[in-house]
Every structure is written in structure tokens, then in C-alpha cells.
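Reviewing the structure listed below.
When the chains are written out, they are named A, B and C in that same order, and each has its own residue count from 1.
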Amino acid sequence: MRLGDLAEQIGCRLEGDGSQEIRRVRPLEFAGPDDLSFVTDAAALGRAAASRAGALILPEKAPAADRPCLRTPNPYLAFARALALLEPVPRPTPGIDSSAVVHPSARVDPSSSIGPLCVIGAQAEVGPDTVLDAQVYVGADCRVGRGCRVYPQVTVREGTCIGNGVIIHSGAVIGADGFGYAKDGARYVKIPQVGRVVIEDEVEIGANTTIDRATMGETRIGRGSKIDNLVQLAHNVRVGPDSVILAQVGVAGSTQIGARVTLAGQVGIVDHVLLGDDVIVGSQAGVTKDIPAGSVVLGSPAVPHREFKRQLAAAARLPEYAKALRAIEARLADLERRAAHPDADADAAVGTS
Amino acid sequence: MRLGDLAEQIGCRLEGDGSQEIRRVRPLEFAGPDDLSFVTDAAALGRAAASRAGALILPEKAPAADRPCLRTPNPYLAFARALALLEPVPRPTPGIDSSAVVHPSARVDPSSSIGPLCVIGAQAEVGPDTVLDAQVYVGADCRVGRGCRVYPQVTVREGTCIGNGVIIHSGAVIGADGFGYAKDGARYVKIPQVGRVVIEDEVEIGANTTIDRATMGETRIGRGSKIDNLVQLAHNVRVGPDSVILAQVGVAGSTQIGARVTLAGQVGIVDHVLLGDDVIVGSQAGVTKDIPAGSVVLGSPAVPHREFKRQLAAAARLPEYAKALRAIEARLADLERRAAHPDADADAAVGTS
Amino acid sequence: MRLGDLAEQIGCRLEGDGSQEIRRVRPLEFAGPDDLSFVTDAAALGRAAASRAGALILPEKAPAADRPCLRTPNPYLAFARALALLEPVPRPTPGIDSSAVVHPSARVDPSSSIGPLCVIGAQAEVGPDTVLDAQVYVGADCRVGRGCRVYPQVTVREGTCIGNGVIIHSGAVIGADGFGYAKDGARYVKIPQVGRVVIEDEVEIGANTTIDRATMGETRIGRGSKIDNLVQLAHNVRVGPDSVILAQVGVAGSTQIGARVTLAGQVGIVDHVLLGDDVIVGSQAGVTKDIPAGSVVLGSPAVPHREFKRQLAAAARLPEYAKALRAIEARLADLERRAAHPDADADAAVGTS
């Protein structure tokens, strides 16, 4: 692709020779003369100058470069778009593989592709331009929208509703029963989980992540939210739009997560709490109560960012405090002894301080 | 279903008109005139009165209601039973799907249902009234009991023994090799894992949970225990009956967990320890040693509940303690200075306190 | 197998009658007259003498036994080897199951075994003596080496390179997209993940573990490293040789882990850090920065082992320190009061100390 055409398609300003042919996108250290590379911060400018990259994506404010450039206020976004254009994800041809088991009442758009050994249940619907890779399970009464990609060995249980442009990675399980029991003496009696899961448009769900169906009603993941691998979202959880949930996070039942929230890796959140919009929870934190919008929390149990830092600093100095405490006690005892015997030699005390 | 019949079948006392037709069970806020709803605690009585529910499950002691009621000492249990009656899990028709690959020596009861693209190994046995959904793997020499439900894409490795009434959710892996190696210098040499897994009756196992086979002998999950999603139970672990293990818990090798134990989300337990009956471990706790029966532990490393609370309260006040320590040091230094110079003006000291 | 032959094959020194027939390897408490058992430390010698085992693996230095023995400096290794010889993992016959869907351009060595309902993509290669169990997915352009075992329902995404002697357990997902997005205002735009995963020789990967493909370049697991269940290794992570990663560990993007490193269960490591060779990270620890070679770290955030122990001990004594602080303040106030009124009765102070 010509650099000039690329500039136009990814919305960058061309600087230099637009006729240059670009084959791939590569990091600075691996880029060759046919490759586009990218600089996202000033620290990389030196490495950029030393690189063999044929062209560069550069921040608007960076100084002039010695080769053709694509200028943009958001180089990382331009990089993402260039990569998508130059190295598109391969797509199988449309149609249903002859080894797939598709229920006669299922409706699969002819522009979609159903891979080998998939199973599609009764009354399920698959929209246009969607790809189900091999060995995917889509249960009865599911709806998968337009332009989705479902990678091999995903399970989508009955009744799940998946929007448009959704990506689901291998091993993810959408719509398994929520974990709910009533007690009958010491025994647990299963509460049937008759709700469903709704995945809104442009959501991405990582490998081996589990999103449970609601007891009644819905578990819902908001538009554009991105969920990493091995995440657990329990029954009736709601995640707002544009949130990011990193690997191995666990969210217990009925908890509500706002818009643009970030949950870092291995975070745990108890059931029935509310995380406001734009909340950030640091990795391994354990959230035990509602968190107001805009807060940054850390620790287990989670506390506001500054409080955590203060506690952490104090904890690190604890052994030192303990030592100080013992020294104080000695000095105090000495003073008390002298106070009790005011006639003793005051000079001796000076030596102990 | 008529309310009177429902009352009889779920063991509640009918109050009011038993001829009312009930279609579904719904939470108070979503229930309509054909729906049964439920009140589990006094706090919900107001909402119940305001709801459109046609009938209510009520605690025995709750005041009289303005509509037909089912009275019971355990409303939550009645709710579970009503839901199971009114919205039963759909079951496929018995028989082996033509796309399943069943070894000729496997014995499948004709009342059971083997879904599309399942694989059943040599000498495996599937008991009556059991459902294997699509794409399930049951290895050689496995035994699956009566009335089980195995959801799509479960793997049950060779030699596993599964009791009656067991539910296994999608992506669970039962009987993978335990994690055991001998060292040969810096290298690790695999110890073959020749034991098996035994799942007792009425156990439920969550999506993408892994339960490893024993090195030798058994890994065993006790009757009626319930295991959530993404849990890891290592080789030779034993879980007693009626225990509950929440999502993302990890239990290391040979650890024994008693009866009626609760492990909250993301708990970790080291290998070769013993948790007594009725132990409760709080979420994200890390258990590093034996825990006596009946204890409640929290924290990482886990300590008794009260000790944890005390430590937590003290930790929260640490910055304050540090400040107090500095103030004390200043006051002490001042006293010491004056003790060394007893003739200086005593009145000055008053100002510092 | 005759004990003498066994001794030779596992490299032990025979002591006593080599003609004895050995059928199985069993722990001391379960071993019978046809079984070989093993003693790995002195503590077990008493139980060994009391056992019914027909023969024993013994440390070189252990006292003479009353039955035939295999002497070795490393009994645990001898045990592993004996188990591998006497109870070999069953292997299916070579060939491609008729229900597998193998792309015509894939190359499968005739000595390998491809199980029922596997899917093998275009241009993929499977080397000699490798077993893919049922329902495995191997994407286009993958390479699986010689002597590998891939258990049921593993997903290996396109372009992955797997060495020789690799074992992958059920539900593992190798080569799913890394978790990378550029921000476009509040929205996240996917960065295509065009790199791959390389698994070197003799690696073992646990059930439901996820190893993401690189954004560009490689995610790489070094020779002989062993990875337990439900582990998350993000894009561009590198793990050196002979490292051990226990269950539920999460390693964020681009982090590098040296040789012979041990990550205990549920450890989390942030992105872009470097763990030197021989590092040990304790369970549930959270690593937030580079760790020098040979360190042992614990806690979240992780600190050196000794510092952690000191902090922990101090934390346990915190309530006691708080009490001490209050006592000191009272004593100090008393001294100050007396210093301000030097004429008051000095004897009174003695009573408070």
C-alpha cells in the first residue's frame, strides 16, 4: 500500500514522499525499509532516528524526521488502524461447513461463515458477516449479531443475545448457570438460573472467561467494554460501556460496574456493590463496598489510592517504628526513674539519649 | 399451575385463593398478575405490597398480605423449588446423536441423551436419565451416574468416576494430570499421574473449573458440594460433603477440606493442609496452615477473623500512630533536655504539651 | 517387570533379590507384596518398615532394609521414572480418525495420532509420534513437533509453533489475541495482534491455561518450563527455561521471566518487568517492579522475603504497639505535668510506671 493512501485511510497528515510502498507495521527495532513504524512518546525519538523503518507515525509536535512521516495527535491509534489495514485478520469464506451440526430451525445469514464441527441450536440466529470458527457451540434461541468473530471452542449457552461487532475468544463460556443455592438444613438446593446474558455491540471477551446467565433477568456487558482472559462475571452483573476488565478479575453476583471503569488484573469484587463511572481498581485489590465515581482504589480490602499509599509506606516502616517505640520506652523509664529520685546525678541521663 | 397445587408440591401453607393460575416466578419489581414473587426478609415487605405480583411467598411470621400467599419458614428454599417446577431446564430427547463418536465398548443407558459431536471412550458408562450436551468428551473407563447434566464442551478424562445427580458446566476439565515433577539437576521430570477423580452425588461444578486427577489414589469431591467457575483443585485434594467453593479459588495438592466449609472467591490454600468442618475462609484469603473446625479466617496469610479485624483497624490508623510517635519523641527530647538542665525555666515545657 | 531390570532402566543400585516381580508403584500405605514403594526422607523409614511393599526405593544413606531395595541419591526422581515405566500413559494407535477435519494442505506424520473430531487447519504440520486427543483445534500454519501429547479440547490458534515433547492439557488456549487497545476518546480501538506464540521443547501446559499471541513478534515459553492450570500469560511475555508457574498465576504483557524461576499459586506480575534467573515469588504475591536474580519475594506489593516476614511480624503486633503507644502517652503526660510543677510529690510518679 502506498504511504499516501495509508495516510488518507487512517486519518494522518502525510509529510514527505507519499509514493513509498509500505508492506507491514513493525516496532522500531524490527522495522525494515518496507515497514511503517511508530513513535508514541518523545523517549523513542532517538531510536526512531536510528531505525531502518521506511516511514514513521509521529506525534504532531515531534521535530522533523529524516524520512516520510504520518503526523497525528494520537500515534497509538494510528498504529492500531495501520495494522488493521496492512495485516487484516484472515477470514474464512462464507458458508456452513459440512461437518457443522446446525438445527434446521436456526437462521444463519449466507454471508456468515460457520466452521467445522460447530453446533447451532434450535431457533438460533447468526447475523451477516459473522464468523464462527471451528467447534463453537451456540445454543437454542441465541442471537449473534452482525460482523462478530467467535473463535474456536467457545460455548454460548441457550438464550444468549450477542450484539454486533463482538469478538469472543476460545474457551470462553457465555451463559453458564449462575452460582445460586437455597439452604435446606445443611444441604444446598440449586436455584434454577432462568435469566440470560446480553453482550452489547463491540464488546471483546477473552479466552476462557466465564460470564454467567442471570438467575432471573439479565447479566449485561455494555457497549465497547473489553474483557481479558480468565475473568469471572457472575449472575446479574452489569458492566457499563467502555469499561476494561483485565485478566483473572472476579466480580460476584448482582454487582454493577459503571462506564469507563478499569479493573486491573486479579481484582475481586464482592456481590451487590456499585462501582461508579470512571472508577479505577488497582491489581489484586479486593472491593468490599460501593465505590464512588471517579475513585482510584487499591488494596484488599480496597481503600482510596492515597490512603493505601500512606498505609503501605507506614507498613514498610513498621519494624522501624517498633524499634523507635522500644527506644522511647527506655528513655521514658529513665526519665521516670530520675523523676522519682530527683537528687540522682542528672549528668548520667545525658549519656543515654 | 394453580397456586394451591404449587403450595402442595413445594411444601408451603396456602393462604388465600388457591385457584389462582401462576405462570412464572419473578422478583418483586418485575412480577405481574400471573407471577409468583417472594419476600425473604422484612425489609422487602414494603416493596411486596407495592408490587403487581399475583401471589407471594412469605415468611411464616410476616403480617397478613393483600393477596394470596404461600407461607413457609424458609422462603428462599420455596422460591428455589417453585422456580424448578415452573421453569424446568429443557432436556433433549433421549438417544445418541448421529454425529457423536461413541466407542463400541461404551455403555450408554437408552434413557440418556448424548448430544452432537460428543466423544465417549472405550468401556465408559453413562447411566440413566443423564444428559451430555454437545461436544462433551468422556474418556475411556469413565463412569457417569444417573440423572447427571454435563453441559457443552466439558472434558472428563479417562477413569473418572461421577456419581448421580451431578451437574458439570461448560469448559470444566475433570481429571487432567496433577502438577508433579521430580528434579533432575535443574530440570523437571514429570511424575506420571496415574490416580483418578471421584465426584460424589449431587455435586455441581462450574464453568472452566479444573479438578486434577491424583498422582496415585484419588482426588475426591464430597456429596452435595458446590463449586463455582474457574476454580482449581489440585491432585489428591479432598473436599467433604456440603461444602461451597466460590469462583477462582485455588487449592493446592493433597489439601483436605472438611464438611460444610465455605471458601469465598479467589481464596488460595497451600498444599498438604487440613481445613476442619464448618470452616469459613473470607475472599482473597491465603491459607498457609491447618485451620481448626468452625474457624472463620481472613487475610493473606489467613488469621482468625477477629485478629484480622484488629490488625486491619490498626493498619488503617498506622499513619496516625506514626504521627503520634513523632510527637512523643519531640516531647520526650524536651523532657530529657530539661532533666539534663534542671535549672532551666520549667514553664517553657508547658507550652509544648 | 523384574526388579533387577527396573533397577537398570531407572539407574538405581540393586540391593537384594533382583528376580522379584514388580507390578505397580504405590505409596507406602497402599503398597502390597507386588508393589514397589519409595522413601524420600528419613521420616518415612519407620512407615517403610511397617509397610507391605515388596520392594523399596531408598536414599543411598538410609540404613539397610528387610526387603529388596533400589538405592539412589534421588529417590523422588527414581520414583518418577519407575512410575513412567510401570504405568505408561496409554497411547491411541497412529492414524487420523475418520471424524477429524484435516485440511488437505496440512501435513500429519503417519506415526502420529489425530483423535475424533479434531480440526487441523491449512498448512499446519504435526510431527512424528505426536498424539492429538479428541476435539483438539490446531489452526492454520501451526507447527506441532515430535512426541507431543495434546489432550482433548485444546485450542492452538493459527501460526503457533510448538516444539518436541510438549504436553498440553485440556481446555488450554494457545495463541488467542493479546489484550491491546488504543484509545479514541473514551472508546477502545483494537490493536490487531499479529504476532505468534512459540512453545519450546519439553514444556507442559496445564488445563484451561491461556497463553496469548504477541502483538508483534513472539510470546515464548522456554525449554522444560512447566505451567499449571488456569494460568494467564499475556502477549509478548517471555519465560526462560526450567521455570515453574503454579496455578492461577497471571503475568501481564511483555514481562520477562528468567530461567529456573518459581511463581507460586495466584501470583500476579505487572507488565513490562523483568524477573531474573532463579527468582522465587511466594503465593498470592503481586510483583510490581523488576526483581533481581536469585531473590525470594512475597506480599502484594512484593518485597524481599525477610522484609515481608519482618513487616508481617510487626503487623501482627500492631494492636500491641497501639496499646504501648497509649501507655507511653499517659506516662509522658504525667512526667510533663510533674516537670511543669517540680514541687509536686515525686513519689506519686513511681506508682504509674
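Here, a residue touches a chain if its C-beta (ideal position, glycine included) is under 8 Å from a C-beta of that chain, and two chains touch if they have at least 3 such contacts.
Quick caveat: nothing in here was measured; it's all calculated off a predicted structure.
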| item | value |
| --- | --- |
| Chain-level touch network, classified as line, ring, star, complete or other | complete |
| Copy pair subunit B, subunit C: interface residue numbering same or different (half cut) | different |
| Distance between chain centroids, defined by C-alpha means - subunit B, subunit C (Å) | 25 |
| Residues of subunit A touching at least two other chains | 117, 135, 153, 171, 208, 230, 248, 266, 284, 300, 315, 318, 321, 325, 328, 332, 335, 339, 342 |
| Subunit A partner contacts - residues on subunit C that touch it in the complex | 101, 117, 119, 135, 137, 139-140, 153, 155, 157-158, 171, 173, 176-177, 179, 181-184, 186-192, 194, 208, 210, 212, 216-217, 230, 232, 234, 248, 250, 252, 266, 268, 270, 284, 286, 300-301, 303, 307, 310-311, 314-315, 317-318, 321, 324-325, 328, 331-332, 335, 338-339, 342, 346-347, 349-350, 352-353 |
| Touch list for subunit C against partner subunit B, complex | 25-27, 30, 74, 76-77, 79-81, 83-84, 87-90, 97, 99, 115-117, 133-135, 151-153, 167, 169-171, 204, 206-208, 224, 226, 228-230, 242, 244, 246-248, 259-260, 265-266, 283-284, 300, 312, 315-316, 318-319, 321-322, 325, 328-329, 332-333, 335-336, 339-342 |
